[in-house]
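What follows is a pair of complexes built around chain A, which joins chain B in one and chain C in the other.
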Partner chain A sequence: MDKRKNNITSAQLMGLIVSIQVGVGMTGLPSNLATVCGHDGWISVLIYGIIITAVIALIIKLMNRYNNKSIYEINKFLYGKYLGGLLNLLIVLYLWYSVCLCLRSYINVIHADLLRSTPSFVLCVFTLIPTCYLAWYGLKYITRFAQMIYLSIGFCLILYVLVFSELRFNFLMPIAQSGIEGIKASFTPCIFAFLGYDVISIIYPEITNKQKAMKFAIGSNIITTIFFVILVLVTTSFFGEEMLKKSIYPMIKLSRSYRAPIIERMDVLFISVWLPAMAMSIGGYFSVTYYSIRKLLNLKKKVIYLIVFTLITILLSNVPKSISNIKVYTNIMTISGIIFSIFLVICYLFSFIRKKGVNPHV
Partner chain B sequence: MAEDINTDVNLYNDYEKNFFIIDETLKDCPDIIRRQVILNSGKKGCFFFVQGLCDLDLFQRDFMTPLLNLQKLDSEEIKYLPNKLPVAGLTFPIVIDKIIQDILAGNAVFICDGLNTGISCTLKKYEKRTIEEPDGEKSIRGDHDGFIEDMATNIATIRRKLKTPNLKFKNFTVGNISHQTVNVAYLENIANPNILQIISDKITQLDSDSFIAIGYLEQIIADHPNSIFPQYLATERPDKAIAGLLEGRFVIMLQETSFVMIAPVTYFAFTQAPEDYSTHWVGATYLRMLRTLATLIAFFLPGMYIALLSFHYYMIPLHLLVQLAQSRAKVPFPPVIEAFMVEFMIEMVREASIRLPSFITSSISIVGGLVIGQTAIQAGIVSDLMVIVIAASAIAGFTMPTYDLGISIRITKYVIMITSSIFGILGVIIPMVMVLAHLIVLDSLGEPYFQPIAPFKFSDLKDTYIRAPIRYLKKRPDIAKPLDKERGKKNG
Partner chain C sequence: MYKRIKKTFLLLIIIPFILCGCWDEVIVEKISFLTILGIERAPQGNLEVTYGMPLIDPDVKGSRVEILDTQTNLLRMSTESFDKRASKELLAGKIQLFLYSKELAGEGRIAGINSVLERDKTNAMLTWIIVVDGSPRSLIHQSEENFKDKPITSTYVNSLLERAVRIGNINETRAFNYDLISMAPGIDNTTPMIKIADNAIEVTGSALFSEEKMVGSINAQDSGLLIAMMKTLKNKKYIYNARIPASAKETYSEKLSSAIHLSQNSKKISISIKNNKPVVDIYLDLTGYADDYKWDHLNNQNEVIKVSNYVQEQLRQDCQKLIGYMQFKESDPIGIGDMVRAKHNSYFKSVDWHTAYKGATITAHVKFNLIEYGDIQ
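Now for the complex of A and B:
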């Protein structure tokens, strides 16, 4: 009974990954890109999107070599009990770190733009209530909820159409001015925006129709890439390079700049629609981490564990004190995310040398 | 003492002992008639039946007279008895307990000397209501018949509309005291046997004295008994039951109640009315959209209004804000108190008018709605905009075709009103997300409750917010996991 509640389909995996990627990345991506490579951010997004698609393909290949095993079991096969265990611990810590940081940066968005007087601690608690509720029931429900991201993406696209007449595509010219240097420099912000694909390696055993996993995982990355490219294009041509560098959350500023006929302050409505979807990007990380901890420590399904986990998450997420402080932490997360991805690729290569437990399925 | 007598035994050869046991068990039941006779063959015998449940004319003509006229009645002769008695339902119970059950169920039972079996005959006739349109579920373009309290009539109603041998009824007996019959109707070849198994398991595990209404059963066998959302669709309308059966669902019928329960259902089943299918699809789609909008208004409008008024007044357009400020200027209370006062008033009028005769109801609504509402605004207790908002949400709540969902919506609305007054727009959004999360978590007989939205099923969407033309509704919805997914062609 308990096991069935974690089963997801490949199509749901796609929604989950899109929601994690988009939710984490979208608020800060355009301005981060503008600082490092000017108005050519969209080229970098496109290129890194393609690279990450390749990485996702490799991860799925690795997972396919071990039928029904997650990265935790694979580590034990490849590196033995102790080294594998240590690596697993590091992975869980990385995930947990991501949960706290995403929660914190998300809270910051609300705090800075919508609810200035509400303490961030209260916001944390409120954001985690639905997430907690769903995580208690299992991964299946989190992924079902995560499908709402398509709705939010649709809403965003409508917003782009609404502001279309105010876009100035001159801001994008000359194309590729920043050159190779710009692409190199945009490595960190791009990768940070795309992070989230790595959860495939953990929840892969729960996918019911694994034949389609590859297709849908790559599909999720394609959706994210296209969405990010449009996002960067629109924000750059709306604000211009210099203005973009100065704004922290361009997407919200964009919604604020749009003058709706009756409703004043479009951004409040925008955040209202975005809030659930973004909460789910935390929810995705949150439930995957909770799932990993339960799996590694062999915990039973008990409320107390979830509460303890939530409380620690809330406390940790309150550690960063300012936006610049968050940036430092973000860099750490990006670096560990990159290391994790490289590690997964290495595991794939290593599995050809050390063949214990390899059980490829069609 | 009746309790000391063991009735769970076969009939004895001794007639006097048999009679004593049955008589003693049924003592102080003046409605149970014991008619002692001496047969032609000289043997003693006795007829038992319940006055008021048994058709006396038929009993005398077709059961009593032929039996009395028999030349011979013994265990050899009883084999030919079905040919000699011109009655439809004839059984030969041998356990005393079974005989007593038969008597109480309304059969006429005969025991006699020298026979170690009883003769039980179904000659039921009792008063029942005529078939009429259920008051709670009116329909404009639908049928005007409804289920009644008699199960046999209800089964006949369904059978009349679905003339197929595939229509099956699985029979259970529940209630330790009431011994009611529960029938689960389904269409073989369409309904999923796994779900039938789940229902059977749930019903056989029931342990209660009696089930007075189908709601008792519903609350006990619900997957999530603590959820405020209804997980089974209770209805009195045969057309809803038939539509459910044709989609591979199960109809749970309880004896002596006019409501039947349809399961498994999705959330959207509660927002659909049967006449959606009998009008043109454009009109039906319009009505569906209207109800969807009404649901959103009923859920969120008061909460949203309170949040905007208390914290986010900068979101309100300036022209409106001036009006609002003027109407609010006289009111001494914070918006949430104001809202709850109006809401409380409406709830009281509603509750009062349900129980009262209809000619008083109209005066109640005039006093409650017009007089109190108008004077409350003039007295400066509530602002007029607040009355509009609350009344709009209350009326929006009435558009739901089912009563159960209305209560869920109201309770959720109150929660949102309270949270929004404390946390502003966050207090609207977080409950909104929670409601959504809750709907996603819910199951109806193990099938996802919020089905075509999450988990997303594109092909089922054409019968949720919109109602596609009938010719495109060729597939049965996936919620009941039907064995036969296509309508038409193979099965009629």
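Now for the complex of A and C:
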């Protein structure tokens, strides 16, 4: 493996995390939150955003305790060769599962909004071609492309400004009506939206300026949190919680509802700007998974394994057949993500007991 | 090796751009854009649907629009039925107008029918939702057959509505607006109302709704006052037809009335609950420009104050009358219920809002100043 092709900076790591989190996370977040906690979704996002920031800080602290080691090596130090190997396998499976599910969700958006008759299989193939191309070259190129997310976020913010006069802030009142119950109920949708930060534990050794990793990793989560809070505030005050509960992709509906002069149908423009951002969620998970497989199995024949990996991903992504079906699989991904995050925190604590391999460098 | 792989990837990236739309291709020459749709009641709870599609075929002479009618149980099924009769394949992505009959609106069926616009992303959610005083079917047919001096119906009505919004005669009600308001608690919809009048189509005012059902209507002038209470008349060219102080000798209409261009400075709504009843005060601060006024007096400050006070009282009375009518009809387009829900949530939950609204004390307070009167002293 050419080391330099996987080397990334902390700033690039930030772009990658934001793109993984925002790309797929934002599509259903407002409506999922409206279903469980009414018009108070933004409060939940803010609270969980802060909690996730603390988790990210702990993950970075864990990585800092082991010089240039990823969670795969750390597992072997902490749990031994066999148990560590098994845990590594589970992590790779979780990542692969995330790739397949993100790909399926992405295809579903295209199906629902753009190309109704095009077979999912064909869309999967065409979606993964650029992802494969980038993954072939390494993490550096994926993370460079991931910076596109800022453009998409910028476009969304412009759309928010454009619809500002249509917002009804009364729809957000009374504040905190759903109470603690609402915050508890919004755990699953919020965590699903924030997932993606956990890739830090895998690609950390590839970061060149590790002393800034903490700052940028936390920065990425702050960007995502602010963006999600604004997203939920705007969509809730635009649609109201009752309408929001009926929508699957409120952000796309918002773009359909704005009457743009000349362009006329804003949704087409929005989708064309948002698709690369959503694809980056897949790209991020895809490249990290492929990177993990190569690293763990120490693969030499890069082309063959990339093609095999891609084909299996396409086949697996076609397993969920409907939106309700995807929701069931999404819950599994969320639970897996939560377990993985808790596991990383446990690893950090356990590293103080079992000190093999500990070599703080930052 | 790397160069070959690079070329292969490049080719694979280009292919989708070449093949895009193979499955979902739309050839413009082979389709008809549905631009206007009329829906009214049919026997057995069905729908009478009328489609209007502009003809862009140079071979068809003498007709500008292809019109099709059918009776159906679902709007989507009418497309299936029309596809068997229309000259070209139908596409609804450019639909501009949904015309509903008054009877259908009175049954509260609009939001249910609109669901097709929300569900299918190829439909335009910016479609106007309009109530027709009379039959939408007859309006579309008459307009195409008799109004040869006008543009095609969809363009004509669309232009009428956009102008009516600019002059504050109607509230802009697109499909997405209508649907979200119909679901929001404590606020009711309004839609533009149109009818055939002489040799034209006329925007008559607004239809008022209560819990999704059309319950009444107001004229264009009252719609403007309603907009002042709902949103703002700022940047609108709303003209208020005011009565002015006149002497006993002045009996002709031009001496008794004035056209005043109203502009809104501010709006404030204060709500409190007293004796388990909502008490609402609506404060409107308006200024005016006398566009049409008899030849004299307005250079005199006292006369301006006198006219301002006279018009102010009329505006207050008209607003109060309008509020009374809306309360009587249990229609709350101002969204007072929504404000009560936001500020007095426990009270809102404890009552049936429309009943409470009917018994609420709502008072309009209008401040009006005539500030301009043109180039005549």
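What we mean here is this: the second predicted complex is superposed on the first by the 360 of 362 C-alpha atoms of A that agree within 3 Å, B and C clash if a C-alpha of one lies under 4 Å from a C-alpha of the other, contacts with A are read in each partner's own complex, and residues count from 1 in each chain.
What we mean here is this: a residue touches a chain if its C-beta (ideal position, glycine included) is under 8 Å from a C-beta of that chain, and two chains touch if they have at least 3 such contacts.
The model shown is predicted, which means the values in this text are computed figures rather than measured ones.
Trainee: In the superposed arrangement, does A:A279 touch chain B (first), chain C (second), both or neither?
Mentor: A:A279: touches chain B, not chain C.
Trainee: A:Q12 in the overlay: touching chain B, chain C, both, or neither? Say first, second, both or neither.
Mentor: first
Trainee: Please work out whether A:V303 is in contact with chain B alone, chain C alone, both, or neither, and reply first, second, both or neither.
Mentor: second
Trainee: Determine, under the contact definition given at the top, whether A:P130 touches first (chain B), second (chain C), both, or neither.
Mentor: Touch partners of A:P130: chain B and chain C.
Trainee: Have a look at where A:P119 lands relative to chain B and chain C in the superposition and call it first, second, both or neither.
Mentor: After superposition on chain A, A:P119 lies in contact with chain C alone.
Trainee: Just checking: does A:Q177 make contact with chain B only, chain C only, both, or neither of them? Give me first, second, both or neither.
Mentor: In the superposed model, A:Q177 contacts chain C only, not chain B.
Trainee: Is A:Q147 touching anything from chain B or chain C once the two structures are fitted on A? First, second, both or neither.
Mentor: first
Trainee: Would you mind listing the overlap between the chain B footprint and the chain C footprint on chain A?
Mentor: Correct list for chain A: 114-115, 118, 122, 126, 129-130, 133, 265.
Trainee: Under the touch definition given earlier, write down the residues of chain A that touch chain C in their complex.
Mentor: 112-119, 122, 126, 129-130, 132-133, 136, 168, 170-171, 173-174, 177, 238-240, 242-243, 246, 252-253, 256-257, 259, 265, 267, 303
Trainee: Spell out the part of chain C that touches chain A in their complex, as residue ranges.
Mentor: My answer: residues 5, 9, 12-13, 15-16, 21-24, 93, 118, 121-122, 124-126, 174, 176, 179-180, 183-185, 335, 338-339, 341-343, 345.
Trainee: Show which residues of chain A lie in contact with chain B when the two form their complex.
Mentor: 9, 11-12, 110, 114-115, 118, 122-123, 126-127, 129-130, 133-134, 137, 141, 144-145, 147-148, 262-265, 268-269, 272, 275-276, 279
Trainee: Under the stated contact criterion, what part of chain B meets chain A in this complex?
Mentor: 312, 314-318, 423-426, 428-430, 432-434, 436-438, 440-441, 448, 450, 454-456
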